[in-house]
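Comments concern the structure below.
Read from first to last, the chains carry the letters A, B, C and D; within each, the first residue is number 1.
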């Protein structure tokens, strides 16, 4: 039985806390959040106690901490949790600063604890099935990857301001997918070119950010990846990719709430995709946290490590630089 | 808090027990099964006690019984549970004998308890969305319903022998869907013609049953329904229907494990449907049992009553008679 | 070079005339129609002469006649053309009377001429591809066939009155598809049950006809076919079938004017099917008439003979009888 | 009646010649090709005469020339035909040299003749339907365009050597689609970044070309376009685009030979796309040449002018430069 504390009782904290509380062999003991009410409500719902970070780190009975607090707190909490000998699950990103993210990895290594970074897309049933087929060789050698990633609408200005910009906030997931899908054999990004525009809301330009971006990455082996993103799609949350290989292509589509198709005078109409990430990635979040505890149990390696988090962050920095300068970046 | 006992720890019992144990406001107290091991294993897993039917019915602390035992036991257990003042959830069918099924309804009524019959397809997200759109008038007046219902493979001979035949065992679900979708305004079946063949396994003929059937029903309002079923589809479990209305058509497709589409030299290939009913109707079973307890709580009427179970049984009998005689049946 | 005369310059005559005029080795010489204007206009457009039936039949230079005049004229024209030694292409049906249709077959045989009946669905690229794959064994032994056949709207009352009813007019095509797809190995219909309703327009009841029908056919080998039809679908012309075999299933969908899919706040919407039979079966009509002349050239057998026309007619009669009596028909 | 001569009886010449010969009001008079056999065969098939370029240009009875000869001859033939007062249809590209292409435009203008450049994708029913819906405002303001363009296999080395490289040969079409779809309101490319790799065949590297490319274009209004291409797709010819607008998205899929979907133990499989451009764009070529003659007749402007050809060529040059230098190009 692993005893777990969750740091952060916000939207993403609630998901992870609920999911891990339902796992066999896992006991959710404590929830910590500066918003006492959030922690209290979630604790009551899941049969845990409200606690503090200090108390948790000092409690030898706690084996694992799940860090689901705001990005700016991640590196500090990882470092302290590692020092306290806790195994760590931390939501992406490790940190907006690459050096700090690297330091987290070193702290974890020095402490000899396990640390997994949450990139839930690697656990999406559809995306994961694509990777599984690639591993079986069904499309031969992968050559090109096209990622489409569109949010239903832009987050509030405060969120954008603290986010590090669209590449570090939103594309970090897509950049991780790029590495997971196109670099599975140890390949890495070699050249990156990014471009950004503000097309949906001028306020975003005022924040120094973009709402629409186009990124191209070429790997050391010459593979090509294109990522297109928008902060706003009129039809909802759009999360797809397709990977072309020497022997075929795998296309990963959206999930829909139902399989109803309506035929009427306007046409033949299926559902819009699942509304947003909580719905689309519900199964992925469940599978991700189960994977984390499975690996803790068996000693198998995590699917996403601190090093993966660092590498995605380096690509996000490069994309930001390229979009701002208008020039490609050699990695 | 509702205290619940489950009668039957087989395949379907395990599903309902797990689902209801996870509901807020519901406490799974006891599990009864003549196979002591099954009951013990499930009880341990879900934190319930092993008990006996007699003990449960005598225990005033038990509010609800869920009957998930073999069909032949349903009417006896419904009658006894009703007499003991328990609210009842009972898997379909009520009973293979229509008079006995009617008697169950009377016993439930006399006892003043609530009794819902489990026809989980009415809770499938896709099928339910179709019905919701019909209620909103999106396809106008419903006119024709085409139901396709195919199993991946035939059940064992012992199962078939005790099943009452394909119409009472397998089509009972489709006949309930017919009533739910095409008779929502109080319409009812008026005329039925059925035909059956043995095409997949001669042994089924030896059991006096069919493996492939075609049923047509005309309602009092002249609506037409066609149901095609097979005990075996090489591509798995196929559960679809389409309903044509005066203003459009709704088509309910299968769910698939993933949204991956593979393009290769053979074509453009999506997943097969979910493997069988446990996968396909996983969400439906969850929604069904939640609906049962919601209705108990709020007093709202159940979506499927004993009367619905009786009416589906009458249609199954009529289909059996028609297939055997080669002549249509007037209802 | 085959010299051809076309009898009938209406809608279907214009299609066949245009298509055959474009074939290499075929010369459209004459067009006959009691509506002189129609014949004149079409002749001018296609570089043919206006003529009369009598003149054509007496003209030794004419090798082939294509009969595309109203149904009531078919048997007379087939008989006369055969007697005059002309090869014959005749639109379906042979005749509304089975005995007269049989007599046509005998006249053709006695005269030693070739006669093909136009059932264009057998030449639809999609339907034909399905049959080709069945012949290759891709779905094993065929077991069940579900045909969906819906018109965008009912024809005028005069048309319905002269049509012989929905089974002889509209379902004749579906009944031919049944034989072509499910009876390719010499199997034949053994038992048929039909039901009809008037759901779209009460005027159709006044004409003694139905607008919505459901037919089930069981073959001698126990295969099952269900056909559902409606005179009116709000979304247009719907022509699909699916055939289940022991090793898989083939599903034949509608064609659409374009492959555009629109994603917006209402959903994800593709085109409606092609508007009506002229659009949907444009390629089929071309392939059909080319097949006719190919067979004339090579001596290969026609895909659809007078005997096929007779057999479809017998099934249409049986369906009419069954729908009117409410009882199944043994064939 | 327009009298037409065709220069070039190769693959593309045969298509255009056959299509224009079937148009009302158009008379194919002469076919010229240095390969006398090709010209003779095509002339005989279509009822035209074999002639020479000199004779055609000197023949006052010829109104129109269709230039379907190799790229290297285009500018010379356009210039001479314009000087001879002939109206001109010329296959893309105008010329591999932008200055020479511009000079062609000037020659045409000076001569007062009409000249249309063949970019057949603008006439594809699917692509054209998307543009029509954009013009109706169905997706609001266009923001992003993703083009996927993959050939079934690389052309022979000699073709690649003379082609000007993948950007000038293959992407010229995609670059024209970019302008047609994303710049319909007069917007133009402002910034372009391209990257290329050799992944399918090392011999292509030996020719100084790429087989896999990724291009990003940002317009003056900030719209973003990404184009991915490959010389080889295991599943055939893949021609799709999707355009995201402020109010929705239009997705243009491939056409398939049939609408058969096969369900079996391997999955649910539709057809591969049409095999190659002759099949996929058969309808587009017909519509394109009909449009040309319609415009000649009515005086309406051509959908694709020499100026469009020049602008696509400028983009192709920029993409070549960017891929070779690894740096973005400001236009």
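The rule is short, and it goes like this: contacts are C-beta pairs under 8 Å (C-beta built on N, C-alpha and C of every residue); 3 or more make two chains touch, one makes a residue touch a chain.
Quick caveat, the model's predicted, so the values are computed rather than measured.
> Pick from B-C, B-D or C-D: which pair repeats the contacts of A-D, with over half of them the same residue pairs?
B-C
> Compare the CA centroid of chain A with every other chain's and tell me the farthest one.
C
> Please report how many Å separate the Cα centroid of chain A from that of chain B, as a whole number.
40
> With chain centres defined as C-alpha means, what is the inter-centre distance between chain A and chain C in Å?
Chain centroid spacing, chain A to chain C, equals 57 Å.
> Which chain B residues sit where two or more other chains touch them?
Chain B, residues with two or more chain partners: 139, 233-235, 238, 247-249, 262-265.
> Okay, in this complex, where on chain D does chain A touch?
Counting only chain D, the residues touching chain A are 139-141, 143-144, 146, 148, 150, 191, 193, 195, 197-200, 212-214, 216, 218, 222-226, 228, 230, 232-235, 238, 244-249, 326-328, 330.
> What does chain C use to touch chain D in their complex?
22, 125-126, 129-130, 133, 138-139, 247-255, 257-265
> Going by the contact rule at the top, pick out the chain C residues touching chain A in the complex.
Answer in residue numbers: 233-235, 238, 262-272.
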